[in-house]
Amino acid sequence: MQDVKTFRPKIVAFCCNWCSYAGADLAGTNRLNYPADVKIIRVPCSCRVNPMFILRAFQRGADGVILCGCHPGDCHYSTGNYYARRRMTLLFSMLDYLGIEKERTRVEWVSAAEGAKFAATMNEFVETVRQLGPNKRLEDLRCKK
Amino acid sequence: MNKFDKEQILHTSGVNVLKCMRCGKCSATCPSYDEMEYHPHQFVYMVEKGDIEKLMASKSIYKCLSCYACVERCPRGVEPAKVVEAVRLQVIRRQGANHLTPDDIPALLDEDLPQQAIVTAMRKYSK
Amino acid sequence: MQRIGVFVCWCGSNIAATVDVSAVSEALSHEPGVVFSTNYQYMCSEAGQNLIKDAVREHKLTGVVICSCSPRMHEMTFRKAVASTGLNPYMVEIANIREQCSWIHKDKAAATEKAIILGRAAIAKVHLNAPLTAGQSPVTKRALVIGGGIAGIQTALDIADAGFEVDIVEKQPTIGGKMTQIDKTFPTLDCAACILTPKMVDCAQNEKINIFAYSEVEEVKGFVGNFHVKINKKARYVDTTKCTGCGECTEKCPMKKIPNEFNLGLDNRRAIYIPFAQAVPKVATIDPDHCNMLKNGKCGLCAKVCSAGAIDYKQKDETIEREYGAIVVATGYNPIKLDQYDEFAYSQSPDVVSSLEFERLTNAAGPTGGTLLRPSDGKHPHTLVFVQCVGSRCSQEGKGKSYCSKICCMYTAKHAMLTREKYPDTEVYVFYIDVRSPGKNYDEFYRRAVEDYGVHYVKGMVGKVTPRSDGKLMVQASDLLAGEQMHIEADMVVLAAAIEPDKSARPLATMLTASMDTNDFFTEAHAKLRPVESPTAGIFLSGACQGPKDIPDTVAQAGAAASKVIGLLCKDQLTCNPCVAHADQLMCNGCSSCEKVCPYGAITYEDKEFRMPDRTTAIRRVASVNEAVCQGCGACTVACPSGAMDLKGFSNSQIMAEVDAICKM
Amino acid sequence: MRKIAKEKLGALLAAVGRDKPLYIPALDASGQARFTRWHEGLEMARALNTVRSAKDFFFPQTENLVDFKVKGKQIEIIDPRSEQEDFVLFGVRACDARSFEILDKVFLADPVDTYYQSRREHGTVVTLACTQPEETCFCSAFGIDAAAPEGDAQVWMDEEYLYLSARTQKGDKFLESVRALAEDGGEDAVQRQQEETRRVMAKTPLAGLNLEGFDGEHLNPLFDSEKWAELSQACLGCGTCTFVCPTCQCYDIRDFDTGDGVRRFRCWDSCMYSDFTKMAHGNPRLTQVERFRQRFMHKLVYFPANNDGQYGCVGCGRCLSKCPISMNIVKVAKELSKEVR
Amino acid sequence: MQEVMLEKAKELLQSGAVDRVLGWKAGEFAYDITPCVFASAQELEAGFVYNDFCGNNLSKYLIKESRKGGKVLAFLKPCDTYSFNQLIKEHRIVRENVLVVGVPCQGMTDGETLKAKGVKGILGIKTEGEDFVINTLYGDRTMAKKDALPERCLSCKSKKHVVYDELLGQEGDKLDSGRFDLVNKLEAMDPEERFAFWRGELSRCIRCNACRNVCPACSCEKCVFDNDASGVAQKAAADSFEENMFHIIRAFHVAGRCTDCGECSRVCPQNIPLHLLNRKFIKDINTLYGDYQAGEDTVSRAPLTNFTEGDAEPSIVTKGGKKA
């Protein structure tokens, strides 16, 4: 087991193009720090994120996956994040049911104006996952070095 | 604010008093209005505030005919009569010996007791 | 295998100060498929763009990765640059190493490492990119407006004003809608007919506007810019080209006892009729349900008296097929039915009326010639009780509506005020829950009713109305402020009925694949930013079909809808977003999951013949995506269990490749 | 013949399992038996047979063949195999024991499958004679004697003793390792038990299963039979029958992208699957009827035609109890025998 | 009932009302019953059976059968009718080509369940009242029918047919048989215990695909797990991740569509209680989005293709199964 102090988790953040990706850009424009462990993948809408992508990330070695989208009601496509919300709620509940740490997954609504929220969310999420240590319950040994 | 009684009343009545939009149609439709110190809409509002002692001390709880006109008419489905009944029940509970199971009934039966009274008693005491 | 070029931008010191750009370009040069990798001070500058263009040509690049600022910044710039070399612009991917890397990290080693990973992810994605071409579709330069009320009329006039053809489809024999039935309009109290009928005439006379009255939309096919619509023009049994609207026939028709819809059944009309004097088109219509000639073949009086020879008992419904570029929904509203409100004795007493009926009873063109008389005995009423929120803000299912109908507070103030003004001997009570009067001059208007006209506003609700044998209506109500129950002997009770979308809206929405809310109001594309557009491209919303509205709001929205339509019709071609969903029909099950989550109605199903793996042929129901309508959100791709639905530009495999690249370090 | 008192079973297992991996049938969480690595305290299951057959130990469901590591544009090839250690399989039934003979014919024929070969060489099979056959048993149809299982060593068990006998050198070594616990004798008891088992076996409903006519001679009429469509009608195309089968030996070789290379592995395949033996041009068997036919033709006709009449089935009955729609080789054989007789 | 059904089938075939009959066919033993399409009275006479072992859900077969031309009579048990409705909703079955005859069901057992109760060498099974009298190679044995029922029937959700053209026997009611009890029990465990439980169960998976192939909700033309282009295709569970992945994704794909017929658990050769995954989703959906029973009707929107503005946020999922 790696030391909690030196452990650097791998975090995948799926961000919708219209709100959260822009919010992440704003965090950058405002020079708001968050750990380099977070890597962002741009998707058109939170509803584009298939549960398979999330499992895939864990398989390939991610320690935490976060999905960011527009606030409910503000979706660029009107309804996308409502579907994403149901899908992720059920998926996370299932992961929890299987005994897989639910703190490794998260959904956060971040608007294009919420650069500060984006940075704060990432800081907090990275810290949560760091405390949990490496993902063991949903790992694929074949993908380990 | 009487939190315990409020929760009891909300529980036994099953009413969500927050649904009330204060239109007063319950009181407008109430046949016992003039007999009552507190009127149906006040029951809803005062229970929401937790102002329950006054209601429990008031004779209004016995003036309600349980005709359910207010329940029928309320546009928001608040069911004021159930609140009144729950307050009444709360008073009875404080007096003790407040519970009845179906098994207790045969022993208490009286030939002359109207069927409706038995049913009403059942409704009141079995909650 | 792609031939990929990697271009790392310094962005002056914006990137280069925190990210070792040469280390990034060096590291990425070893990635599979990368044949060229470099870094430069300003990639977005002309020199930078030339560097990219030259490299594409020189190294025969098939894919380009640019590590720079956010794609929201310069994706278009680089796509254009690459396109100028002949390479497909969608073979470009951006790794955001400024906003999402150099600007947020202080540690150069960590930032450099992250930039390399982001570059790898972009390379992994480009490997799977495919050239995409934005589709083009032509625009038919004609709009259809469904509904000929004030909303539809205003929209049509505005569109016609811009020089485009507009058709109005109205199911009633005349256009004009609800506003024709209204007497005066708040807050200025000008007469509705005076401001509406000139617009109706404008419509009739405008050569760009074509009115299909007494018609209904039967079928809508196609998509934005290219709608194909079938309109059913119902038989009037009157040749509209010949009819002069003289009204001779309506005088002679022997069928006299037909409730007059225009006056809400408060008086009668004939079997051949013109709804009202200012109807447009002003032509007669035979009501086939009541005409003796059409029912039994006996009578024919109207034909005998018609000097124009316009009567045609053999007329048939006619189907008109036309092409449109845009469709505006303006189907309006109706007051709800009040039969269920026994407590207000609406069904028991003719003196309990709805507000719209009250309008007719006070209208000079109404059944009483504008004199307020009790429907039961024609006597002058002295005490009037107005009840607000009848069926509005009501959560009882099947009885009322959960929303506020918005217009009732104001028109009730108007009714109360006008009654007091005309008949100072009356006592007028208004029972309200809240008085909602936001709007220019609205609250002032309501205060005038109270302060200048002495209308009794009582905070409370009417509980019961009991008709008495002497003709009085016993009103029992609560006065919440006084804490007492009121008992009023009223002569008339007026109920402010909730309004609801017209019944035709739901089937129409299905035809248009436009979404609706649970109350059957059309949903707008964005509640704040796109209030007059339906999420379905090419469908626009005007008036109360989108939500309760008064006349000023309706006209404002009608104009807004028109401007959106004009914006669309101005274009010769619509360029589609090439990043759209695509169904692999061989894998599609036809289960309809994707269609259900599509906010744009872009997915349709067809039965198609397929050669199956076992070499037999089978007819299968499969999805197809209309690329002109799809906006590329991707909701369908996750709803699809078989993975038949994928999104171009953001495909499952592309996203998973990015995931893999990010996670592998 | 040697015998060991039954209460010393634990000691016997411990004697073997202490220095090398020993696998015995034990109950899993769902109450079914499976071969489980022995550890102190693990109890041997009483079940007649395990859900999965014993073939797993020589032909595992997935097996790494080779690894490729990619570094930049360089590829390194790695043989993932480590030294195979000796192991013992204890409690194998007669049917499974026979299945190894069939697998050998496939994997040890030229070109030899070295992955399989190495496991066979290092594995000692200790069989256990059956005493209470199920109605689904039909090993006798293939000339297998449930009361006299093959393998490197044989074991009979009654209420008092285990009786052991070696058949090969590996078997001798096995007996040697438990020598301290054993004493001589037991031939009579074994003979009595065998007679009783054979008597019950003869009473099983499938005892009379007759496979006459299932041979190369009748390939065409069997292949062309119209019965296949009807028999396969309800087949779900799942791989249950093939995965629980001790003799099914088909596999697929696949690449797994590990992110920094490729792991090439083989895994069991099933002729019931739509992509079985899919090649560049497509798939040779397009319908479930054809895939279904393939399985049974292979077991009952092609295999014996190529292997001196040895059928590709050992009558263990697993597919009879596990098929979700209760279609199986016995029903197929009974129905099709009408075509050849 | 078998006789009544047989007569009904023969009568409908005879009259030309139907061309084929989908039912169950007797096997070698008392319990190994196979779904079968019968085309004639002779075939029916020879093999048609309806008894306590007809557990197979026939609805999925109708995807193909209803497209073969002609009309097919399908005998459906109450739980089969839910699957049937769901398939109608997804346009997978051509309704007009199927004549549904509802048949009553008192719970179905199978050979595996009896054997798990220690019965060996089954030669014959007779029904005597509420008991099974089982003749075995090792003597006779009597077992109460209700003791022989598998979990899925003990926690039966409904004895009521949600769709039929004709109904044989008495119509039953919807039941409240505590089908979420086991889910509740798992939820109440702490995450480590739950993880250990599911690892123990799912590690037995051999990826035979029986659960998927029998599942009426898994009716995809091509499953993502069979599609090499999907990125998740795999043939065998080569790593514990893949066992999890397969079952999570499968449960997710059928979430809101699974009617809880329990076939997945019935057919699993490794006795993995797969239905507990689906039931978890059903329970969550009921709790979070309002009661929803897939297959109850053919028009309502499925929970995952629907939403309300006020839906719960994903953060409602809290550790340790103790819901906030």
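Every chain is named by a letter (A, B, C, D and E) in the order it is written, and numbering of its residues begins at 1.
Throughout what follows, contacts are C-beta pairs under 8 Å (C-beta built on N, C-alpha and C of every residue); 3 or more make two chains touch, one makes a residue touch a chain.
What you see is a predicted model; the values in this text were computed from it and never measured.
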Target chain E, source chain B, minimum contact steps: 2
Core chain by centroid distance, with centroids computed from Cα atoms only: E
Contact-richer chain pair (by C-beta pairs counted) among C-E and A-E: A-E
Between chain C and chain B, distance of the C-alpha-averaged centres to the nearest whole Å: 46
Distance from the mean Cα position of chain D to that of chain B, given in whole angstrom: 74
For chain A paired with chain C, centre-to-centre distance based on mean C-alpha positions, whole Å: 35
Touching two or more other chains - residues of chain A: 51-52, 56, 60-61, 73, 79, 83, 87, 142-143
Residues of chain C touching at least two other chains: 597, 639, 652, 656, 660, 663-664
Junction residues of chain B - those touching two or more other chains: none
Which pairs of chains touch, using the document's own definition: A-C, A-D, A-E, B-C, C-D, C-E, D-E
Complex contact set, residues of chain C against chain D: 30-32, 613-615, 660, 663-664
Residues of chain E defined as touching chain A within the complex: 186-187, 191-199, 224, 231-232, 238-242, 244-245, 248-249, 251-252, 255, 277, 280-281, 284-285, 288-289, 303-309, 311-319, 321
Residues of chain D that touch chain A when the two form their complex: 256, 258-260, 263
Touching residues on chain C, where the partner in the complex is chain A: 70-72, 96, 98-101, 103-107, 110-111, 113-114, 117-118, 121, 523, 525-527, 535, 579, 597, 599, 631-635, 637-639, 647, 650, 652, 655-656, 658-660, 662-665
Residue numbers on chain B that touch chain C, as the complex places them: 19, 21-30, 33-34, 39, 41, 69, 73-77
